[in-house]
Amino acid sequence: MRTKAAAYPYIAWGMLFIAIPLGLIIYFSFTDSAGALTFDNIIRVGKYSNVVVKSVWLSAVSTVICLALGYPIAYYMSRASAMTSRTLLLLIMLPMWMNFLLRTYGWMSILENSGLINQFFGLLGLGPFHLINTQGAVVLGMVYNYIPFMILPLHSVMLKIGNDVIEAAQDLGASPRHVLTDVVIPLSLPGIKTGVILVFVPSVSTFVISQMLGGGGNQLIGDIIELQFLGNAYNPNLGSAISFVLMLIVLLLMSVTGFIGDDLEENLI
Amino acid sequence: MRMKKLSGTYLGVFLAFLYAPIMILILFSFNESKGRTFTGFTTRWYSQLFSDAAVLDALWTTLVVAFVASIVATIMGTAAAIGLNKMEGRSKTLIMNMTYLPIINPEIIVGVSFMLLFVVAKNLLSSVGIPFGFGWITLIIAHITFNVPYVILSVLPKLRQMDGSLVDAAMDLGCNHWQAFTKVVIHEIKPGIITGFLMALTFSVDDFVVSYFTTGAKHQTLSVLIYSMTKKRISPEINAISTILFVFVLVVLIVVNIMERKTLEKQKKAREYQLREGGI
Amino acid sequence: MNDIIISLQNISAEYDGEKVIDNLNLDIRDHEFVTFLGPSGCGKTTTLRIIGGFVEPVEGDVFFDGERINGLPPFKRNVNTVFQRYALFPHLDVYNNIAFGLKLTKVPEKQIAAKVGAMLKLVNLEGYESRNINQLSGGQQQRVAIARALINEPRVLLLDEPLGALDLKLRKEMQLELKRIQQTLGITFIYVTHDQEEALTMSDRVLVMRNGKIQQNGTPEDIYNEPINAFVADFIGESNIVHGVMLEDYLVEFAGVKFACEDKGFAHLEAVDVVIRPEDFKMVGAEEGMINGKVESITFKGVHFEIIMEGHGLRWMIHSTESREVGENIGLNLTPNDIHVMKKLEEGR
């Protein structure tokens, strides 16, 4: 049929600009600067294992915090009136329209030694507390930037849980706690999965948040990749190898959560 | 009752957390001194903004890249969705998986992979004497690429929801394939196309990571400029321009919201009418 | 005959690799109201879509007015369709929906307005021009769909279960309406439905389909009174269908009893289906009938009672205006022309 041909320009485009570039990452990972096959790059990633572990750990902590903070909000929104729900949704989305570098910069102003929090404590004669350039600050930046990505999928899944289902559970004798653990949480599982992915993936690969809020001492995977491509350490082969490892981590997480599958599309939109 | 109070407080604290840095930024856009302590009120940064060549150039670059990339992505993505909607089996799965890649891949990997591609392309092309460098072209190509999937994923569901017999009806009444598209299909999927375009535009304007790896030395996007400033001190002009953009988005959202509410009311009325006039 | 407007010859069609139309031959005359009747999946809609140009047959030829039209796209065929769920364009109002076909052909606006007005009059929707589609009731949408399909003055109108979404009362009303429109315009209507009553009410000719094949092709009276096999008999009205054996011409045995019948030409001891309409039984006293048994249930159906009797190891459905008591013993009598003997259906066909 002729209609299918409408997709051909995109298919060609995708081959050229999606498939080939990813192929290049793999190619560069396994070659040296002269183009010869080597495993040196992958082996050298091992040197950065502490960075990898730290990235995964901080992102995991951020993801759990996002889930804990975001879940009640998503649930509240899904049970509120359409009007309230829409307004809240808008309020949560709105900050995303301000450049995230600036929002993160805003946190620098709040957290730094002479920043707003310490100014406040200073008035009380306390502090200054060392807040910026800590792991805590990095986690805060991740939670702040990515929590909407947790709330949105949770909200859209919870909207589909009918009040009748909850009422049926209550009718059958479920206490509020059991309504939550036996009905709401199992039914919102797909939203939890999506939210976890959408928070974890950008967190584990960030280099901006770690640089702005973590100072020099909290390098993450993203930082060392950036360093290989745009930093002084220019080494695209090593950079590709680290990127390759990062891709594997993301892929592993997705297959563990069963995110990749038939309902991938549903999960994304 | 106690629950209600509790959740209200929690929501309030959460929203304060979300908006704190934004309020700080807006506040500092009116700050007299360049530092991070508030010394006095001024609108100086707003007036200076319009004479700062670097900021204006970055704004211009950002808008041009975003609009060109979003328009191209919307056209290509809509066409792709129409084609994909008719496809089946393995080839469709393969293409859909390719489409998800830029969305689920970490941004830094997308950015780095483009950089590799453009470096390789630069070397290849310069060896045959064609000049090629990082700049407008690389930025726009990268932005189109990460925008198209959003367009496809917002148009595809509309196509699937569309009553297939609408196309049949159009052709039955004398439309050829192209007329059936322009006179019927496009009206049905218009909401998806608009959503896709707006998503593409937002992601483009907002993008930092991919732009960072694909931009040239000459023209930087606003994000890249801001990033280079965070390494030193951010000029309050940036706060000013962000405040303007933020207020602009706020106004647009409010208008869209009011318009949507009106259409919802209209639809409700139509439904009531249908119920009243159940028969004929 | 030269007034054949549509002719399907040796048509086969596939859907997802499965054969849905199997070597179908069919002639439709001009000005005829023809109905394809059958259960879902019988191929009736596919046949309609082949005529409309939406489905290409894998084998066979389609003729329109003597001309082969295989491969001709829908927009070049002089037929129009009323779709199952109307397929009205939601972004256009009533006027523009109806005018859609004309606007494609550069007809002057004035002429379009006049024709749309005439069409609205034909379907009793005058004054609805500027209504939105979603402001119309189901029946009104149905009328718009008919007007829209008719404005191009097709020689043939295809209707794909057009009344399926309407409630019973409205459906009856629209049946009469459709018949009136067809008679007013004098064009050919090809109608698809799974509702036997609808088919019998409106049609000049009914084609009963099953598994991609035409089972019977005849007037509504023929189909009802002389079903060609157990499938048709069962599909058209309610029937008792029992296994029987043909002993000789005009003599059939079923339920352990020999009956005189009007059928002949079967092999000796050929297994057959015997069909008896529930209204054809005559109820007599206990042990006085050809078949005797006990009343198992009785349901009041408005015009008649539906009595289920158990006898000779089988269940029999009887329609009668007389009532009986549950548990009462009764007998049933049949005359030879109440008994319809039919060849066994080939399995799967």
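List of remarks:
Lettered A, B and C in written order, each chain numbered from 1.
FYI, a contact is a pair of C-beta atoms (placed from the backbone, for glycine too) under 8 Å apart; a residue touches a chain by one contact, two chains touch by 3 or more.
Remember, predicted model here, so these are calculated numbers, not experimental data.
With contact taken as defined at the outset, there is no chain that touches chain A as well as chain B. Of all chains shown, B has the CA centroid lying nearest to the centroid of every protein CA atom.
Farthest chain from chain C (centres taken as the mean of C-alpha atoms): A.
Note: centroid distance chain A to chain B, computed from Cα atoms, is 18 Å. Centroids built from CA atoms put chain C at 59 Å from chain A.
Chain B and chain C have centres, each the mean of its CA atoms, that are 53 Å apart.
Shared interface positions of chain B, defined as residues touching 2 or more other chains, are absent. Here chain B touches chain C in the complex through residues 163, 165-166, 168-176, 179, 183-184, 187-188, 267, 270-271, 273-274, 277-280, going by the rule given at the top. Across the interface of their complex, chain B is touched by residues 52-54, 73-75, 79-81, 83-85, 87-91, 100-101, 104-105, 132, 134-137, 139-140, 143, 148-149, 152, 169-170, 173 of chain C. Within the complex, the chain A residues that touch chain B are 1-11, 13-14, 17-22, 24-25, 28, 69, 72-73, 76, 86, 88, 90-92, 94-110, 112, 114-116, 119, 144, 197, 201-202, 204-208, 212, 222, 225-226, 229-230, 236, 239-240, 243, 246-247, 250, 254, 264-265, 268-269.
Interface of chain B with chain A (complex): residues 7, 10-11, 14-15, 17-22, 24-25, 28, 36-37, 76-77, 79-87, 95-96, 98-110, 112-117, 119-120, 141-142, 144-145, 148, 152-154, 156-157, 177, 202, 206, 208-209, 212-213, 222-223, 226-227, 230, 234, 238-239, 242, 245-246, 249-250, 253, 257.
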